[in-house]
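One chain, chain A, links the two complexes that follow: it is found with chain B in the first and with chain C in the second.
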Partner chain A sequence: MKSLVIIVVSAALAAVIPFVGSEYALSFTVQLFVFVALAYSWNLIGGYAGYTHFGQVAFFGVGAYTGALMMDAGFHWLLAAGAAGLSGALLALPLGGAMLRVKGPFFAIGMFGMARVCESFALGFDGITQGGTGLYLTPVTDLKPLYFVLWAIAFGMVVLTWKLDNSRLGIQLLAIREDETAADALGIRTTRLKIGTFVASAIAPAAVGSLYATYLSFIDPATAFAPMTELTTIAMVLLGGMGTTFGPLVGAVVMSVVNELLWSRFPEIYLALVGAVILAVVLFMPRGIVSFAMRRAWWWVPAARSSLRRLASRPAPSRSPKEAH
Partner chain B sequence: MPVFELLIAGILLGGLYALMACGLNLVFGVMRIINFAHGDLLAVGALTTVSIVTGLHLPFYVAIVVVPLLTAALGLAMQVLVLRRLADGPMIMSLLATFALSTILVNLSILIWGGGYRGLPGVLGGSVHLLGLDVALSRLVSFLVAMAVTLLVWWFLQSTRFGRAIRSVSQAPELAVINGISIDAVRNVTFALGAAMAGLAGVLLAPTFASDPQLGARFGIKAFAVIIVGGMGSYPGAMAAALLLGVLEVFGGYWFGQVIGSAMLFLVMLVVLLVRPRGLLGMGVRA
Partner chain C sequence: MHVQRIQPQPTPVPPPDFASATDTAERILVVEGVGKRFGGLVALSDVSLSVGRGSITGVIGPNGSGKSTLFNIIAGTLRPDRGRVFLNGHDTTRASPAQICRNGVGRTFQISRLFGEMTVLENLVAVAHGASDAEAVERALGLLDFLEITGLRDKWGTELSYGQRKLVEIARALMLRPTVMLLDEPFAGINPRLQNRIVDHLEALRQRGLTLFFIDHEMRIVLEICDTIHVLAQGRVIAEGDAAAIRSDPKVQDAYF
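On to the complex of A and B.
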């Protein structure tokens, strides 16, 4: 119940911003939505399934380029975003099949390498992508439809994660995270689930990448595949709490505000400072804000897997004598 | 097609990869993490070399001695101040910490040296006649120094008491502790050694390649592909894979252009992951 209240209130607050907020508030929130979608997607594979990796920006970038090229060919930006989401899934399927065979640091950095390969392709095939010059797109005149599509994706991911957190599927993913061999022995189809989650975690980033390209009306390899996007996304999930329903949301909001402050005060050393902030999070708050609040049982924090807990605490149905034997 | 020339060029490049990848692999062995900032230590090494030679007008061999010491100190500081505190936590925390350290190093390097490319004109210029080919002196010297140091470190690991301690920590940390080996000391020394190897690789590539603060991402990631192909934790595996991938990159670049040539390392890595996940000579990657 608390979860639903939090989702509805924050979604409603975010929905009124384009009508009451300034231009600046709008652009800040667009960036925030992009990061919320990225953070929730990463939380699926990294937080729930335990396959943390540094290559999500590959999907973001590939989506951005797919969308940009389609818009260049004259398609509507919404259609382009849909196609971009599909391209993310199509890339993730074979990549997941190969990369998910390894765990831990190998998967994490192997995916980072894949992102760099995608970047070098975007630079190298300059006949299609214009290489380092980048693609310039016709700017959209009205930002509101774009804003609400991003809003829908961001809060769609929140709702999806909330549903997942209270489902059998979510528990199966957690089992993979805790002990994959044991999960396998319990009959969980680990390989299929892992690849499925990986593909699911690639769709929203790719679609959002395309929408971000629409928003900027420009895309180049350095923007599309920026390692900083990756690092910021992961730091948001970590700061909020990995594998929690509201961690990525809290983390994204807090981190975006901190980044915005740092950016306006110290533009020259901004990126180094973001690195330092992330280092501080890793060293001093690795479990994240939401996990911390959950353990302290703060009143506003919904418990993890609340509906499953209710289910589990119901008295067992009385058994018939036949079954007792 | 100049097969022989490409082969030599590939092996010379592979020598540098070997030095870089063996340092990374060594650190992985005792820490069980991949140091993301390894490539950035290399970039700092290369840029410091440029400053020493063109800024301070000192000879190149000064850099060969001084820069590895500097990066070793930097690496030791990273280990003592940050990574040691995370050693017993989940892997993702250490990895993320090295990712953050890498970002900090890159951006501080941009502040110090600027974002542009810097070369070392005139250092080890010219070429030598070797096996009927003209080989650039800078590449030959880089290769020889890199291979010499890589082999020296291998000898150190195989034949000295401390080298055995490093190997025992990487193979069976619990047993190493029971035998009175200080894991902390081994980790500190290994991290410094790995960082020194990265710095030296930076020094050696400065005369041949243009250096910039982003150099680390380009080269460090190749070192990673090398150790996946060679096998995690396997020192000879990394050496062999480095030479192999150097040759592959040069041939790929000749056939398909520079971009695909570099990407080819990763395609090879993917194939190795699919066909033989533990690498050519590895002890297994499901760590």
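On to the complex of A and C.
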């Protein structure tokens, strides 16, 4: 219930910005939505399934190029974004099948390598991608439709994660994160779940990559596959709380606002200050802001995975205690 | 090797190439000539044993005798170099742990493998395959009640004591509604009072037709509750039989006592 209120209120607030906010507010929020979508996607595979990695930007970049090339060929930007999302899924399927056999640092760094490989392709196939020069696209005249599509993706990911968090599927992903060998031995179909989650976590980044290219009306390998995008996304999830419903949202908002404030006030040392803020949070709230709040059980903080607890606390006169085995 | 497809509800039909276990109605688990080496170390050499349906069967043996290797081969986490394992008449030698589990085998681990950052209820519900959320919760609450650990329901895996973890692991394995339970040292390192409680629960489970197969060092309990005991030493079964036979066997006395 609390979760639903938080989602509806924040979605409603975000929906009025284009009508009341300045041009600056609009562009700030567009960037925020991009990061919310990225952070939630990363949270699925990194936070829930426990397969943290540094390669999500590969999907963002491949999506950006797929979309840009389609728009270049005359397709509508919305159709291009859809195709980009599909391209993310199609890339993730074989990649997941191959890469998810390894765990921990091997998977994390292996995926980082995959992103670099994709970047090299974008640079190397300059007949198609214009190489380092980049692709220039016709700018969209009205940003509002683009804004609302990004809004829908960002909050779609929030709702999806909320649903996942309250489902058995979410709990099974957490079981993989906690102890994959035990999960496997207890009949959880770990391979299927991992690859499925990995594919699901690639769709929104790829679609958002295409929309971001639309927003910039330009894309080049350095923008599409920027390691900074990757690191910012991961920092947001860590800051907010991995494997939680609202962690990525809180992390993305806090980090974007802090970033923006520090950048405008202290442009020379802002990165150092951002570093200090992250360091402080990691030291004092190692599991992120949302987990910190949940541990304290403040009344306004929605409990994690509350649906099972509700089911368990339901009075059940018909319960036969010896029905165990 | 050909792996027979595992059915969700196993039917005890003996495969034609498996003459020695035609009595699958009697023997739920059969290990045939299993051998396993790790490099130069022979962990198991030619181990054969069978577990009667609805029995409590124990495997004992000194450290390094191959008990855990045998257990892991049965549960599918290790592949034997030779020999075969049959569960309910199906050859599960090359089946994955998940397949074996879904074929009716629930297991606990020697070192606790609870999902730490999840509550006890979530630990149980996560493995209730095929049940709806409401059914899964209902089953979990019933098991917590049966094992008298209802109070642990909302505790995190990491918060539990060693003995509590053992109990929750048994509950979690029972969530699978197994026909065979593999218990890896369920009595190791816990106090005698709790040991007796677990024994009572195991006896109650057997009353309901569950087959229990376990490894332990706790001689007192093994000799007390097992119908059949297999004694492993240096990768071989050196003796088998009921408690009296094991106690009086000179080879066992040599290797163990």
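In this section, the second predicted complex is superposed on the first by the 294 of 325 C-alpha atoms of A that agree within 3 Å, B and C clash if a C-alpha of one lies under 4 Å from a C-alpha of the other, contacts with A are read in each partner's own complex, and residues count from 1 in each chain.
As a convention for this text, a contact is a pair of C-beta atoms (placed from the backbone, for glycine too) under 8 Å apart; a residue touches a chain by one contact, two chains touch by 3 or more.
Given the structure is predicted, the values throughout are model-derived calculations rather than measurements.
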Which superposed partner A:S264 touches (first chain B, second chain C, both, neither): neither
First, second, both or neither for A:L123, with chain B first and chain C second: first
Which of chain B and chain C A:R189 touches, first, second, both or neither: second
Chain B versus chain C as contact partner of A:T141, first or second or both or neither: neither
First (chain B), second (chain C), both or neither touched by A:S22: neither
Which superposed partner A:A276 touches (first chain B, second chain C, both, neither): first
Intersection of the chain A residues that touch chain B with those that touch chain C: none
Contacting residues of chain A [partner chain B, same complex]: 46, 52, 54, 98-99, 101-106, 108-110, 112-114, 116-117, 120-121, 123-125, 227-228, 231, 234-235, 238, 268-269, 271-272, 274-276, 278-279, 282-283, 286
Residue numbers on chain B that touch chain A, as the complex places them: 28, 32-34, 36, 82, 85-86, 89-93, 95-97, 99-104, 106-108, 111, 217-218, 221, 224-225, 228, 232, 257-260, 262-263, 266-267, 269-270, 273-274, 277, 285-287
Touch list for chain A against partner chain C, complex: 167-168, 171-172, 174-175, 177-179, 181-190, 243, 305, 307-309, 311-312, 316, 319-325
Chain A contact footprint on chain C (complex, rising order): 75-77, 96-98, 101-102, 106-107, 109, 113-119, 121-123, 125-129, 133-134, 136-143, 145-146, 153-154, 157, 172-174, 176-177, 205, 208, 210
